[in-house]
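Shared between the two complexes below is subunit A, which has subunit B as its partner in the first and subunit C in the second.
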Partner chain A sequence: MNEQDERSLLEIADDELVLGWRDSEWTGIAPFLEEDVAFSSIAQNEVGHARALYELVARRRGGTADELAFDRSLSEYRCARLVELRLPEWERTIARHYLYEEADAKRLERLKASDDPEIAGLAAKIDREEAYHRMHAQMWNERLRGQARYDAALDELRPLLAANRDDHSSEFAELWDEMTTVRRSVPGATW
Partner chain B sequence: MVTEAQVWDALAEIPDPEIPVISIVDLGVIRDVALENGNVRIEFTPTFLGCPALEVMRDAMAEKVRELGAEPDVQVVLDDSWSTDKITPQGREKLRASGFAPPAPRSTTSVVQLNGAIFRCPYCGSIDTTLENIFGPTPCRSLRYCNGCRQPFEQFKTI
Partner chain C sequence: MVYEIFRQERKGQPFHHAGSLDAPDRAFAETYAKEFYGRRGESEALWVVPREAILEIDDFVDELNRNYHRVDGYSLKEKLKEARERAGRALVARDR
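After this line comes the complex of A and B, so read on.
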């Protein structure tokens, strides 16, 4: 695996882990039961994708998925600003979901065309599941588009897709602290 | 000396941890069984990557192989070789009989069909059913409602 591939896989894995964590914050408190179930399921899928991607990187360069997920310093994470934010507002959550799934679909298409069969195969497997996330995001986008709060959330969050991945928010620092607490206090703990 | 057929038979006794009416062989997740110097190498593919049943299945397979007196080597293959089309016809029938609508076949033109495909109620057989929620109690299921017998039911997602 070349450095470029490894970097891309870690970017996606970090995005999926952090977004999965954020999506799971709706478990139990989504506006209605169907969305409680949907966001819990999406979160579970995203963390599953992160694990598979970390495992692939770990197998090639040594180490374990857990070490990549939880033992890196804050500055080593490559997640996008978009996924870092804690968004307790529904319209911002849906705007992020829609923007993320659109962008994620494009990079998965690129990975599916990789010359590396393991990368292409895993990307294709992930994409089968993401198809349902996209469908869910598109359904909500159609429902909310044109409403002032939703449109404002899209405008607010869209620029974050292009933000520098080495520059993290204070909200991510808090999340990193939360995510890595167990590993730091109980070395060797697994998820 | 253990044979491949014995291993397949033993694996067919392992129920899916989340939908125990169907075995992991019927689910189509066992990609290959091979004997190598007294070791039994099993290649299996997860259904959904975040499925918590993965570890349970892997441990159950290793246990079955040990019961046959051989050493297991269970390999998790994270490629794209599994789809819901791998569920056997017997597996589909077992799902239906226990109230899970089996997955619609994968379309050759689009990855996922939720509106174009026909979804049949596993209880009364009506095709007058509507989608209630893309997501359900586990990642592999959606929730639908049958307008014929007025029952909600779980639909195995096509992936």
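After this line comes the complex of A and C, so read on.
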């Protein structure tokens, strides 16, 4: 695995971890019960994908997935602006979900074509679960498209896909603090 | 709208009722059905049926009490016991 591969795997892993964390904020308060279960499951999948990606990078460069996920400094994270935001409005959450899944699908296609069999294999495995996420995102997009609030959310969030990954929002600083609290308060703890 | 979900565990097996879910339309019902009952390899196929499409019948009148029409209409137990005893006696008689 070259440095470029490692970098792009970490980018994806950070995106999935942070998005999973944000999506899980809807657990218990999603618009209705069925959606609560479905969206929580999606959030859990994303964190699972992050874990698998961190593990792959950790195997190659030494260390553990937990260290990559929780022991890095704020500026070392490579997640996109889009996933960092706390979005307490359902239409904005769905707009992000839709935009993210579209972009993620293209990225996974590239990874599936990797010369590295381990990377290609993991990408294929992740993609099989993402197929459910895409179906879910497309279903909501069909439902909400054409409604002013949803369309405005798409317009608002779309530019963030291209935003610089070195530049984090203050909302991410708060999330980082929350995510890493346990590891920072008891360094090296395992459980 | 409430949808009833039926699940087939393996090819060729009958579908069994798995549960129900509330969804605004067929597309949502399909997504939730797959998510809740299908995506972990536990089902070969699903039937997703709007509850209102189901004709439920539960008022079975039996005014003349013709219980012999029912599977539990009369007990076979006694008759079976007698038949076995008869057959047993016949066997014993033959072996002599």
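The rule is short, and it goes like this: the second predicted complex is superposed on the first by the 188 of 191 C-alpha atoms of A that agree within 3 Å, B and C clash if a C-alpha of one lies under 4 Å from a C-alpha of the other, contacts with A are read in each partner's own complex, and residues count from 1 in each chain.
The definition used in the following text is that a contact is a pair of C-beta atoms (placed from the backbone, for glycine too) under 8 Å apart; a residue touches a chain by one contact, two chains touch by 3 or more.
None of the values given here were measured: they were computed from a predicted structure.
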Fit or clash - subunit C, subunit B, common subunit A: clash
Touched partner set for A:49, first subunit B, second subunit C, both or neither: first
Of subunit C and subunit B, partner touching more subunit A residues: B
Subunit B versus subunit C as contact partner of A:151, first or second or both or neither: neither
Touched partner set for A:6, first subunit B, second subunit C, both or neither: neither
Which of subunit B and subunit C A:32 touches, first, second, both or neither: second
Contacts of A:142 with subunit B and subunit C, given as first, second, both or neither: second
Which of subunit B and subunit C A:66 touches, first, second, both or neither: neither
First, second, both or neither for A:125, with subunit B first and subunit C second: first
Partner chain(s) touched by A:41 [first = subunit B, second = subunit C, both, neither]: both
Interface residues of subunit A shared between complexes with subunit B and subunit C: 34, 37-38, 41, 132, 135-136, 139
Of subunit C, residues touching subunit A in the complex: 21-25, 27-28, 31-32, 34-36, 39
In the complex, subunit B residues that touch subunit A: 48-52, 78-83, 111-112, 114, 132-139, 143, 157, 159
Interfacial residue positions of subunit A with respect to subunit C in the complex: 32-34, 37-38, 41, 132, 135-136, 139, 142-143
Of subunit A, residues touching subunit B in the complex: 34, 37-38, 40-42, 44-49, 51-52, 55-56, 117-118, 121-122, 124-129, 131-132, 135-136, 139
